[in-house]
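What follows is a single structure, and I will ask about it in a moment.
Note that the chains take the letters A, B, C and D in the order they are written out, and that residue 1 is the start of every chain.
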Amino acid sequence: MTDFLWLLVALPLAGAALNLILGKRIGEPRSGWFGFGLIAISFVIGFGASLGFFAGTSNPQTIYLFSWIPAVGADAAILWDPLSALLTMIVTGVGALIHLYSIGYMHGDDRYPRFFAFLNLFIASMMILVLASNFAVMFVGWELVGLSSYLLISFWFTKPEAAAAGKKAFVVNRIGDWGFLVALMLIFMTFGTFDFRTIFENAPAMFGVGAGTITAITLLLFVGAAGKSAQIPLYVWLPDAMEGPTPVSALIHAATMVTAGVFMMARSAVLFELAPVSAGVVAVVGTLTALLAAVIAVAQTDIKRVLAYSTISQLGYMVLGIGVGAYAAGVFHLTTHAMFKALLFLGAGSVIHALANQQDMRKMGALRKAMPITFITMAAAWLAISGMFPFSGFWSKDEVLAAAFARGGAWLILYVIGLGVALITAFYMTRLFAMTFLGSSRWDEGVTPHESPRTMTVPLVVLGLGTVFLGLFNTPARHAFEHFLEPAFSGVEQVEGLSIGLISTLAVVAVIVAIVGIIIGLRRYNTEVLPDETGAFWRRALAAFGVDDLYGRFLVAPGKAVADWWASVVDPKVVDGAVHGIAKGAIGGGERARAVQSGQVRWYAAVVAIGAVALVVFLLVLGGGF
Amino acid sequence: MELSDYLPIALMTLLGIGFAVASILVSKLLAPSNPTPEKLAPYECGIVPLQDPVERFPVKFYLVAMLFVIFDVEIIFLFVWAVSYKEFGWAGLGAVVVFMLMLIETLAYVWKRGALEWNVARRQRYRRIVAEGHLEEAA
Amino acid sequence: MQGGAWLPIAFEVVLLVGALAVLLVAVVAGRDRRFWGPAAGLAFAGAALAGVLQWREVSTSGAGLFFTAQGVSFAKSPMVVMDGLSAFGAIVLGLVGFVGFLAAWDLVAKVGRRGPELVSLLLLSLAGLHMMMATPNLVVIFLGLETASISFYVVAGFLRRQKGSAESSFKYFLLGSLASALFLYGVALTFAATGSLTLYGGNSIRDFFSSTIVTQPGILLAGMALMLVGIAFKVSAAPFHQWAPDVYQGAPTGAVGFMAATVKIAGFAALARIFGAGLVSQVDTWTPIVAVLAAVSMVVGTVLALVQSDVKRMLAYSGVAHAGYILTAMTAGVAGVPAMWFYVSTYAFMVVGGFAVLSTVSGSDSSKVPLDDLKGLVKRSPEMGWLMTFVVLGMSGMPFFAGFVAKVFSFVTATAVPAPWPANDHGYLWLVVLGVVMSVVGLAFYFRIIGTMFSTPDDQAELQEAGLPVRFAVIVSAVITVAFGIVPWPLIEAVRDAFPI
Amino acid sequence: MTVTVTWYLVLAAALFSMGAAGVLIRRNALIMFMSIELMLNSVNLTFVAVSKHLGLIEGQVAALFVMVIAAAEVTVGLAIIVAIFRFRSSANVDELSELRG
């Protein structure tokens, strides 16, 4: 089954190319269905190929396609192990649902085929990133993913904010990519190759725990991951990325792309094991990001920005999981988050669609009766993300917190902050849910919300089911998920050693925190009149504590100044100056030398004589005549 | 240092110099000379020349001089051949004949092109007069 | 002399007979050039044929030394040598001479009564030039050098009515004879130092070097230097190039192509013979000087060419620069001879072609060709315009043209042999780098010429229809420039064994 | 003290440099031309001296050839000089610089 895997990349790429080229002729709905079809087939292939892993029978293998740069050990080969299988299923699965959803959502857009071309391109690049068997190919995927996110964010490029947001996302990602690239160079310098297997096999042998180079490599890898997965300080682009169409936010900025950083760190778990210092940094940054994002999310009024900050916060959890060393828990949270965050975004999308593109929650309310399916599915996702007991969010978040608790010592502080974030998360999600579906209807006049068409509600329902039942896969008792991922993290020993009793108490604590959060939220927002949010804290939190304009003033402005100076001063004077200088010099030399050619025969004779004497003397000296 | 073999040359130079000096001396001693300004002035109506006249000599002289030089140099080679023509034998004779032929041929070309005519202008004038003369007589 | 023995000097004999025939026919049949023109053409073609025969003879039975004066106990030094160098030189000289003669045909017509003189001068000069490269005896080389130079002094001054032509011939004469005197003095000093005038054969200079260890080489080195001066002057290498621009500008355009091309061929061949083959053991002493000459020529030639307004002066300076590039090949000693031959033979045709076009553009008897004459040439006469573009591109060293292959060939040869003086093991790299830089700088003035040709012509005088021979000459040279650019291998193979003994 | 060949060579060298100096210093074309002839003759002297010293004949023959060449040069040179100065009266060479740059 695994020899069709190259189709996972080929099919989306083909879809992107065809949609781009023949898009106009294929026309609106058909190009959408065409895109969806290809991704669905890819999902089937991916799922089929990973059946072996479910049963635990097949073991990881590398399928060689062709050699790209043999000198560097970078050949185009697919590394098929449970981790990449899982990611494939998430990307293609959630991707397919979002394609289906976009058919309805993008209805009437005049660049319809182009949208699906870019979506396919994104899936293809994500596949390259996930299936890569070496860092070089992964980097290719990494860059392509950055590119397609830029294309999709600024899809409505006629809107200046969208274009600016696209540029911002791309630049901030580039900063992260810089870190990732330097890490690649370091890796190549130390290991002489990019191939995962050789690196991860002889890394432990070559370096003891805490070796300098490995720490440097892992820190730089984290910089790359921070750029892609929107951690402090490179998270500023994600909220602005909401300018893109909602399916884009769902797919890229919730489920897949942002998790690329987490996936990369999980993939190079062996390196992080050898560098406890950087693991600590990763965990701390993860937790702080989670805290900061959660606090900001509380005061946001735009529904999509709340979800964006919530994504950053949940990503913080995953990064905490990686930092703590519980890679399986981090990846599990990644999976569940992909499910319910995509659902939340799609739900928000259908709400916005219904209220004629109204994104401000203060203009929503009382949509329960008007949009029952969206209401029910969003409720499931809301409970999941808040960490309520039976839902998937609870299991994965609890896994991560348990792992943090298990490490003991200083990690306990992270556990406590984690719990606090869980509380805040429950609160702002309840705020969002209440302001949109409960309370009184604060719609604008002439807006009559109605349930979205079936192409949009079907994906919501599917995702809803996933959100509810996915958690059961990995209850502390069965740990099915960890066994599934076991072969991928064979080189790394998992954080264990928690008795069932301790885990269940931690679980109970987590549920209590969630319930408290929800109650506060409901009591405050499930009212006819919205509570006032004009306090100093609310205003500053709404403005994301001014971090953005801080960057603007200290980084962007000086950068632009240097660029302007360079363009106006250095370029014309130095570069052009040099070129014209050479030309003038040559001609100047010519003019002066021309005077020597005086036309006087006697002068020519003198030159011949002088030349002859000079030659004789030169030869005598050289030949040792004297 | 045997000077003897240079004796004849020394005698020759002495003789030459002596001849020239003697003739000047004799003319200076015997000839009467009472120079008067009029005598030294230019001939009757001539104007006092600013600087000695630039001898302008017609090109013809130059042409003849050139031809003389060329054929003079040709003779040098004939001397060489003449001295040992027996050893060169027929091959030598062949070479010299070819050499002579070339020069004679160029002489022919130059002659045909009229380099040797002396006072070309006067003869043409004469011929033209004669031609017109005939015309008058004929008319 | 037996029958077969005529071959070594067949080239000169044919030309001499041709020259005399032309004069005779002119004398007998009067002025009409229909009679003696074909005779001259035949002579040139015959000479080229003699070259081919020599080449075949050499490649079959190997090079040989010949004594002209048989049966005489005259000093046993050989006067004529027939080897790769002289045979290949004969072919190239013959062909270039023929094409140059065709290019000069308009001038011959214009000069009217003195036509036969001009043609016989060209024939005799070609004979002299070949004599320079086909003899091991230094004095005979001087003889050949002088025969050619004197005839070129006269050719340069052929347009009596034009002041420019007279001035250029005077300058050429005075400086030429000065340089010849220097060369001769060099020969004399070498004679004094080594006791012999011939490069090979009985008690030759080469034997001298192999037999005695030169203790006090002062005179010998001075002699070598002066000989180098003489040759450098002839091929217009800087700093002895100053005559070239004035003479090329003043001399009648029709004949300049012939003069420039043939002198360079013979000059470099003589350099190869004397220094490459004769003084091969002294190679470590004279190659640095050749390198210095090359460097100076390249810089002077290119930089001065940039600022010229007269096309003939531009081509003259480009000639100086090209002399520099060829000398770069010669820095590899005798190993540089093939590269030198490739460069010289292709460049010779370009020069003939270039000046032929100039003669059609501004009259073959014009002594000045300002750049504006070429303005919009492509529109005025597309054929001439495009052919000139090919030739100039060839000269500039554009890829797919002979100039490029020639430059690469010589630069590679220059770096192949380890250099003695600035002691580095991969040859005269600094010279090659300078060469590349200068060729790039040189592109400016080549493209200035092409630019003016492609610009819109304002009121240029209508181009009088060029004679068939001139057009044929231009076409041949353009074809050779392009052909050997795209398919250089046959010439490279042939050149490989154009070696002196 | 006997007259060795180096004396002759030194004399020839002196003559040669005098000739060269003549070409550079004098303005009149004819004088310049004469100094070149002087240079050629000094070379002749060298040839003959060395040939006599080494007892070879090449030097003599060479001298003969050089004389012929000098003669040819004379004829052509004077022709050119005459052609030049048909355009202007004086034989001054410095006026002759129309071709330059």
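One rule holds in what follows: contacts are C-beta pairs under 8 Å (C-beta built on N, C-alpha and C of every residue); 3 or more make two chains touch, one makes a residue touch a chain.
These numbers were taken from a predicted model, which means no experiment stands behind them.
Asker: Consider the two chain pairs B-D and A-D; indicate the one with the greater count of contacting C-beta pairs.
Answerer: Answer by contact count: A-D.
Asker: Determine the centre-to-centre distance between subunit A and subunit B, using the mean Cα coordinates as centres, and give it in whole Å.
Answerer: Each chain reduced to its C-alpha mean, subunit A and subunit B end up 109 Å apart.
Asker: Averaged over CA atoms, how far is the centre of subunit A from the centre of subunit D? Could you give it in whole Å?
Answerer: Distance between chain centres: 91 Å.
Asker: Nearest whole angstrom, what separates the Cα centre of subunit C from the Cα centre of subunit D?
Answerer: 26
Asker: Among all residues of subunit D, which ones touch two or more of the remaining chains?
Answerer: In subunit D, 20, 23, 32, 72, 79, 96, 98-101 touch at least two other chains.
Asker: Among the residues of subunit B, which ones contact at least 2 other chains?
Answerer: Within subunit B, no residue contacts more than one other chain.
Asker: When you check subunit A against every other chain, which residues touch at least two of them?
Answerer: 594, 597, 599, 601, 605, 609
Asker: Name the touching chain pairs, please: which are they?
Answerer: A-C, A-D, B-C, B-D, C-D
Asker: Enumerate the contact residues on subunit A facing subunit C in the complex.
Answerer: Its residues touching subunit C are 583, 586-587, 589-591, 593-594, 596-597, 599, 601, 603-605, 607-612, 615-616, 618-620, 622-626.
Asker: Enumerate the contact residues on subunit C facing subunit B in the complex.
Answerer: Spelled out, the residues of subunit C in touch with subunit B are 1, 16, 20, 23-24, 26-27, 69-72, 116.
Asker: Write out the stretch or stretches of subunit B touching subunit C in their complex.
Answerer: These residues of subunit B touch subunit C: 87-89, 91-92, 102, 105-106, 108-109, 112.
Asker: Can you tell me which positions in subunit D touch subunit B when the two form their complex?
Answerer: By the definition above, subunit D touches subunit B via 2, 64, 67-68, 71-72, 74-75, 78-79, 82, 89.
Asker: Taking the complex as given, what residues does subunit D use to touch subunit C?
Answerer: Residues in contact with subunit C: 9, 12, 16, 19-20, 23, 29, 32-33, 36, 39-40, 42-43, 46-47, 50-51, 54, 56-59, 61-62, 65-66, 69, 72-73, 76-77, 79-81, 83-84, 86-87, 96, 98-101.
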